[in-house]
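By letter and in written order, the chains are A, B, C, D and E; residue numbering begins at 1 in each of them.
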Amino acid sequence: MLEKKLSNPELAEKAEKEEEDYFDYFYDTPGSAPGTLSIEEDASPSTIILIDYNEAKASRTKIATPDECKLYLDTESVSWVDVQGLGNEDMWHKLASVFQLHPLVLEDVVNVPQRPKVEEHENQLVAIALMVLPKENRAGFESEQVSFVLGKHYLLTVQEKPEHDCFGPVRERIRNAKGQVRKHGADYLAYALLDAVIDGYFPVLEDYGERIEQLEDEVVLNPNRNTLQEIYKVRRELLALRRAIWPQRSAINALIRGQSYLISHEVQIYLRDCYDHVIQVLDILESYRELTSGLMDVYLSALSNKMNEVMKLLTVISTIFIPLTFIVGVYGMNFNPEASPFNMPELNWYWGYPAFWTGTIAIALGSIYFFWRRGWLQSFDSINKD
Amino acid sequence: MLEKKLSNPELAEKAEKEEEDYFDYFYDTPGSAPGTLSIEEDASPSTIILIDYNEAKASRTKIATPDECKLYLDTESVSWVDVQGLGNEDMWHKLASVFQLHPLVLEDVVNVPQRPKVEEHENQLVAIALMVLPKENRAGFESEQVSFVLGKHYLLTVQEKPEHDCFGPVRERIRNAKGQVRKHGADYLAYALLDAVIDGYFPVLEDYGERIEQLEDEVVLNPNRNTLQEIYKVRRELLALRRAIWPQRSAINALIRGQSYLISHEVQIYLRDCYDHVIQVLDILESYRELTSGLMDVYLSALSNKMNEVMKLLTVISTIFIPLTFIVGVYGMNFNPEASPFNMPELNWYWGYPAFWTGTIAIALGSIYFFWRRGWLQSFDSINKD
Amino acid sequence: MLEKKLSNPELAEKAEKEEEDYFDYFYDTPGSAPGTLSIEEDASPSTIILIDYNEAKASRTKIATPDECKLYLDTESVSWVDVQGLGNEDMWHKLASVFQLHPLVLEDVVNVPQRPKVEEHENQLVAIALMVLPKENRAGFESEQVSFVLGKHYLLTVQEKPEHDCFGPVRERIRNAKGQVRKHGADYLAYALLDAVIDGYFPVLEDYGERIEQLEDEVVLNPNRNTLQEIYKVRRELLALRRAIWPQRSAINALIRGQSYLISHEVQIYLRDCYDHVIQVLDILESYRELTSGLMDVYLSALSNKMNEVMKLLTVISTIFIPLTFIVGVYGMNFNPEASPFNMPELNWYWGYPAFWTGTIAIALGSIYFFWRRGWLQSFDSINKD
Amino acid sequence: MLEKKLSNPELAEKAEKEEEDYFDYFYDTPGSAPGTLSIEEDASPSTIILIDYNEAKASRTKIATPDECKLYLDTESVSWVDVQGLGNEDMWHKLASVFQLHPLVLEDVVNVPQRPKVEEHENQLVAIALMVLPKENRAGFESEQVSFVLGKHYLLTVQEKPEHDCFGPVRERIRNAKGQVRKHGADYLAYALLDAVIDGYFPVLEDYGERIEQLEDEVVLNPNRNTLQEIYKVRRELLALRRAIWPQRSAINALIRGQSYLISHEVQIYLRDCYDHVIQVLDILESYRELTSGLMDVYLSALSNKMNEVMKLLTVISTIFIPLTFIVGVYGMNFNPEASPFNMPELNWYWGYPAFWTGTIAIALGSIYFFWRRGWLQSFDSINKD
Amino acid sequence: MLEKKLSNPELAEKAEKEEEDYFDYFYDTPGSAPGTLSIEEDASPSTIILIDYNEAKASRTKIATPDECKLYLDTESVSWVDVQGLGNEDMWHKLASVFQLHPLVLEDVVNVPQRPKVEEHENQLVAIALMVLPKENRAGFESEQVSFVLGKHYLLTVQEKPEHDCFGPVRERIRNAKGQVRKHGADYLAYALLDAVIDGYFPVLEDYGERIEQLEDEVVLNPNRNTLQEIYKVRRELLALRRAIWPQRSAINALIRGQSYLISHEVQIYLRDCYDHVIQVLDILESYRELTSGLMDVYLSALSNKMNEVMKLLTVISTIFIPLTFIVGVYGMNFNPEASPFNMPELNWYWGYPAFWTGTIAIALGSIYFFWRRGWLQSFDSINKD
């Protein structure tokens, strides 16, 4: 195995890169105290951006240490603290004390990736969501944890990696006072951001829809070894996508049904819309999964069909030539014609050789007619390249 | 792949056309404000038809701008405003203000196709349904979104495309005061229209029933490559149908269980009947899906059976002739009879050649008898055209 | 396809007949008014039989027009009105007015087949059930809708076809005052009849049990093309049976849980027994479905096994004779022994020919021993007729 | 089919015997009155044993007619009436009147086998359970219905067949006043007996565990036709076992949740333990079923692997010898060397024949090297006996 | 079978060792009294360690007989009694009397392995959990029962085997007063230990994740017989893992929802986190199971692909050489050229032999071109080692 792998280094490497992500998960060292933070060495340094707005005005500040947030938290205006990148442990403990985060909440926010969920804590609603981004060339997707901590007048969001930011359009809407975002509180902001996260699944799904369509063509016109691998890869990634979105369904449902005073009735109506989108994503995923499993069946049948064609070719050639080879063998025998008048007198006949060819060609044509009647010959036109 | 596709242009094109529809869905640009309308360039212009009726009289008006509806909305008579075609954004904003539609409702109605659902808003019940129409020649189905906004004395319906209209018979019943439609309020009208939408699934199902029956015959009498593709296509389309009808089940169930004052008790009994029809559609779909998956198994077995036949033919021919070819080879050897009395004296025997043929034919007949006893020969009659 | 069909007319015809029934269903023309009746041209004319009884006496009357029932409906004695055959529309409207049937109830009773269900209407309980009857020679089953309308002192039953009557034994029990039927009210009668309908599933199931046992033997001893079709047919019919009985489960459950004043507590205990029978039917159906799906797997493996045998035969024959044919070819070459002492001196050896045969037979025996050791030869005994 | 069956009489007979049991069920003649008893001709005669005990003393009496029980039923001590064998109808009617059994209860007890269940009747709790016993040599299991009727101070148990008795250990515990059975009432006795019935499933499961382990070895080391049949048989029997134990789960759950005054709180705790055992049985069954379905996949792959080996052998032999046979054919041609210097001068070369052998052997070795490099030759070692 | 097994002794032995564990379960002898203890002969002797702590101090005592615990149980400080190894029956009865254990609880704790569960008893909460440990070299996992009995101020834990101890880190945290464990009561300790048990599943899962990744590479690059067995083994072990963790989900859920006064609100929040971990484990298991079942499909297709390659090689060789062999046979015939001018005059032509070779090579090249166009030749490069 290992040798093989090394002999196909580029393939192995590619496999390495692609397969690592999808079924990743965080787990504590068994027995460690709850609330232990575990930040990877190479985590991006954190950037903290505070946007403070009400209907009248909006300001944007880049913040150096979490303590600076304190000023904004108690005001009536909405304060959105956006942390990008997981940074270092020290910063997190400061942040936790500013926002009075429960140790388990801090753990969920920092030790990524966690399973998406919604939890109610005293004066806070905590939501863990998973954002996805399509890779280039329909080569799958990347995922990133986004955490929300919603208070009465503030929203703390944490994005795992600073390079992908799906909150841009919302930030734009706040700056331009476009839409309703400036007219509502922090709960509406949380909804708007969550909706942006969920809507991010659709472009990824679209990629898969196109890959499946392509596979449908390929499996019929030109099934080959790569088709199979591609089908398996798509199934694998759809499975991973489902694992990401499924818990968000119940999380958002919990928000809608929940009686938290932090979410106004008006925003619950908007969340219902967001819930509809999640259901739609799940619906499409389910359909895609059934389609790929159907594709696998079609692929297997296509293989069997191909094998049938190969066997038919062999059978046709053999059936025509094996009897003929027997006949020519007969006339290659060395029975001594002089020993007896019965011994191969054909060899001395005047029309012997032409008669042999006549018989031979008749047998060959007969066989060909037999196969043509059964339609075997026509089907060779369709033997495809493998 | 691409070359192949181009070399089969008509096939590729057909695939293009057919496969686009079934798994279509609308999604917002991630991060866009809720309530953003998105009407395709080539959407049909809207026609608005208002039918106002009570038990005594019924009038039909074609309306130019939504504002004209205002007159009718406050009267006691039932006002049915039917919008056909998605038209332009401007018209929708006017309509929204006349009917006081929530921005999210407007979005659901205009940004098609949405997932079917029922939502209660202040003074309004909103239902999104999906209508289906059989294509000609059992070539699948088309679908179209139909939206209902039910108020106390009015019903607003929106049809995505003006060319398909399944509301004709109901309009007829209103004009002729046939049945009970004129005796009831807007809720009964909504039921009658919804029922027409649901009953529209049956002719589509009937097409599939017939396609499956045809496939059942084909898979037994003459399984070929197209059979497989057809089975896959039917599975795919049944899946799409199920995706369309499934959410309507819970939507209508919500209407029946719901306590909305907009739906009278009497109409709830009728809705129960409509719910029964949805269940029946789902039942049949489920049966059809199981049948197609059974068909796939039968197809695979049929392929194996065919391969068996091909292999048997090869084996029969080879088993008969390969030993004989060996024998004729023996008597074609050039051992020098003069060098030794043991060297192929058969070649000089008086009855040598006849004895050879006797032996040969005996061996051939023996083989044939062997195969005939095992029934292999009979089965070649059933090798079908592929 | 068509030609094939015509060339197998008896098969095609058989298919026609058998496949029509099982997935039949009734649907309205989309848009038609609820309550529209649709009786087939060739429906059997109705016979109405009224049986009126209490503990003391029982009378049986054949009734010409529904109006005659009126006399009996208000008395304290139980009046059982049994309508056999769907007759004509006119009769139904009269019946509806006598029994005060809701238009939707009338539709369910007349437009057969409907999905089984139980509905409560004012003063009436309506139940739709599906009766099944085994066909002769285990050739599947026939089904027929039976409808019940239960009032305080009366029971209206409607049987789709007059020729099958599963109510005979109950009628007998009423006449002979056997069992408890005369001591209870109309609700007990409804139970007794419903129980007769449900118990009618068992003989049908027994047929399938036997067909499956037969298939189990066949798939092992002698798998062939018909086995496959038979398995598919059994699966198809079990699916149809399940579709018939499944909704009756929830219908009867609704009766038991329901609080209708029309069903006494005593009869609810009996209904619980009836419910147990439905569950038992479903249990058995589920087991049978799993068995048939297991049979399909066994069948596919049996095919593979057979193919293995065929390939082994070919391989054995080829492996023995192809090398030998090479050898005889060698000694058929015309190298000139006179041109060189190296040129095929074997041909002139004294023991050349016997040596050739010794070698040949040794090689053949060696091959045979090789295959015998691996057990290939023994397995040919088991190649069965196809 | 029939002939085949007769030609394998011992196999057919074995099949007869084994397959009858597992999916057996009782059903009434449709339309018969509820409560009709149906005892098979060859039912074992009943033996009635009454054990009467309290904490102080225990007595055991063999009873001739049910009426003798009356004396014991009203006393405070626990009376356990154990009926073994279904006997005759007359006895049952007497028993029913002594214990005041509802006709439906009597039917459930006598018309075996019924679906396991628990039902509450006035002053009585009725439980139907299914006992299983492993057959010898891991040849499946036998099942027998055990019915319980629990009253305030008595327990009536009915065992279908007298020969299997799983109540022995409990009887022993009563006699020896071992454990807690003598300290509690009839409800504890019912629990103890039910627990004995449930625990009887474990030895049967153990048999299946071992059969599956054996099959796992067989399918890898030596897959053959019997393996397949055995897998199917195990699946079939596990299905039957599941059908027996599944309804007992809900039955016992009903006992635990139930509010019957006949079951004390203390005994409910014990029943919870019994429920745990049922769940464990179901868990194991489910695992076994998944394992057997995995085994079927492995078996199919093993078949494919074997076919691959067979084909490879054929291909290796053919690829080596077919070209060589062509070459020897060339030098067997009769082109006249005298007619032209181009006509087969090789035949007259001094080194012609040695050169031929050199070439031939080189080609053969080349092919063998080709196959050896691809590892085909090594794999023949593993071709197993079939 | 047996012989085979013996001839592969190391394989058989390995199978013995590995397969025993995963589906192990404890069951009582049917009919035995509840509460009967059953300790295996070779059970490890018990070690009892008592750790008594409060926020201020912590002490650790090794205890000889259970009676010594009595002193600690009534104090306000938390007493953790950890029993390692199942020891002997005598000790258990003493322990039961000290802790006032219900006989059924004692049975569950001692008769291992039981199904995980949580039960509330008077003044005690009893939890049965299953701990898993990865074996070396990713060779599966071992499992061990861990039981918890939680009282007001004490926690009794029982570990089946003393050699594996996953409680070390928690013990450390108590000694060092690290984290919050010293600040809370016995309920927090129970949570901390349960969390350690659950977190122990993740390293095991990680092993499986890597095995599956390896299998994914293997099935594509080099599918062979071992791949199949490995896939089956992984499926089998995932099934066993699922059987272990699944009941813990509902057990912990019961703890969270439960209203036991023994668990404080604060600790319930921590348990929610623990529940999240269980769900995560189940999620991953489910994904892995779907992946392995997909792998099986890929493996089967890979087998079919390989067979296709083998058949193609045979077909290519046969198609090229069989016709040529026929031709050389023709010119090996002995028709007498002197008997007639038609008899094989080619043999005497001047360019006869060169013409023969020209034709032969043309035919061979034509066939090769035919196969090259269809891409058959290229694909032989990819025939892998088996």
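Keep in mind that, in the parts below, a residue touches a chain if its C-beta (ideal position, glycine included) is under 8 Å from a C-beta of that chain, and two chains touch if they have at least 3 such contacts.
In this text the structure is predicted, and so the values were computed from the model without any measurement.
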Where subunit B and subunit D overlap in contact partners, by chain label: C
Inter-centroid spacing, subunit E versus subunit C (mean Cα positions, whole Å): 41
Whole-Å separation of chain centres (CA-atom averages), subunit B against subunit C: 25
Per-residue multi-chain contacts in subunit A, two or more chains: 300, 304, 307, 311, 314, 318, 322, 325, 329, 332-334, 344
Chain contact topology (line, ring, star, complete or other): ring
Subunit C to subunit D touching residues, read off their complex: 166-170, 173, 178-181, 192, 195-197, 199-200, 202-203, 209, 213-214, 216-218, 220-222, 269-270, 272-273, 276-277, 279-280, 283-284, 287, 290-291, 294-295, 297-298, 300-302, 304-305, 307-308, 311-312, 314-315, 318-319, 322-323, 325-326, 329-330, 332-336, 339-340, 342-344, 374-376, 379, 382
Residue ranges of subunit A touching subunit E (in the complex, touch as defined): 1, 4-5, 8, 11-12, 15, 19, 23, 25, 27-35, 102, 104, 107, 114-115, 117, 119, 225, 228-229, 232, 235-236, 239-240, 243, 296, 299-300, 303-304, 306-307, 310-311, 313-314, 317-318, 321-322, 324-325, 328-329, 331-334, 344, 346-354, 356, 383-386
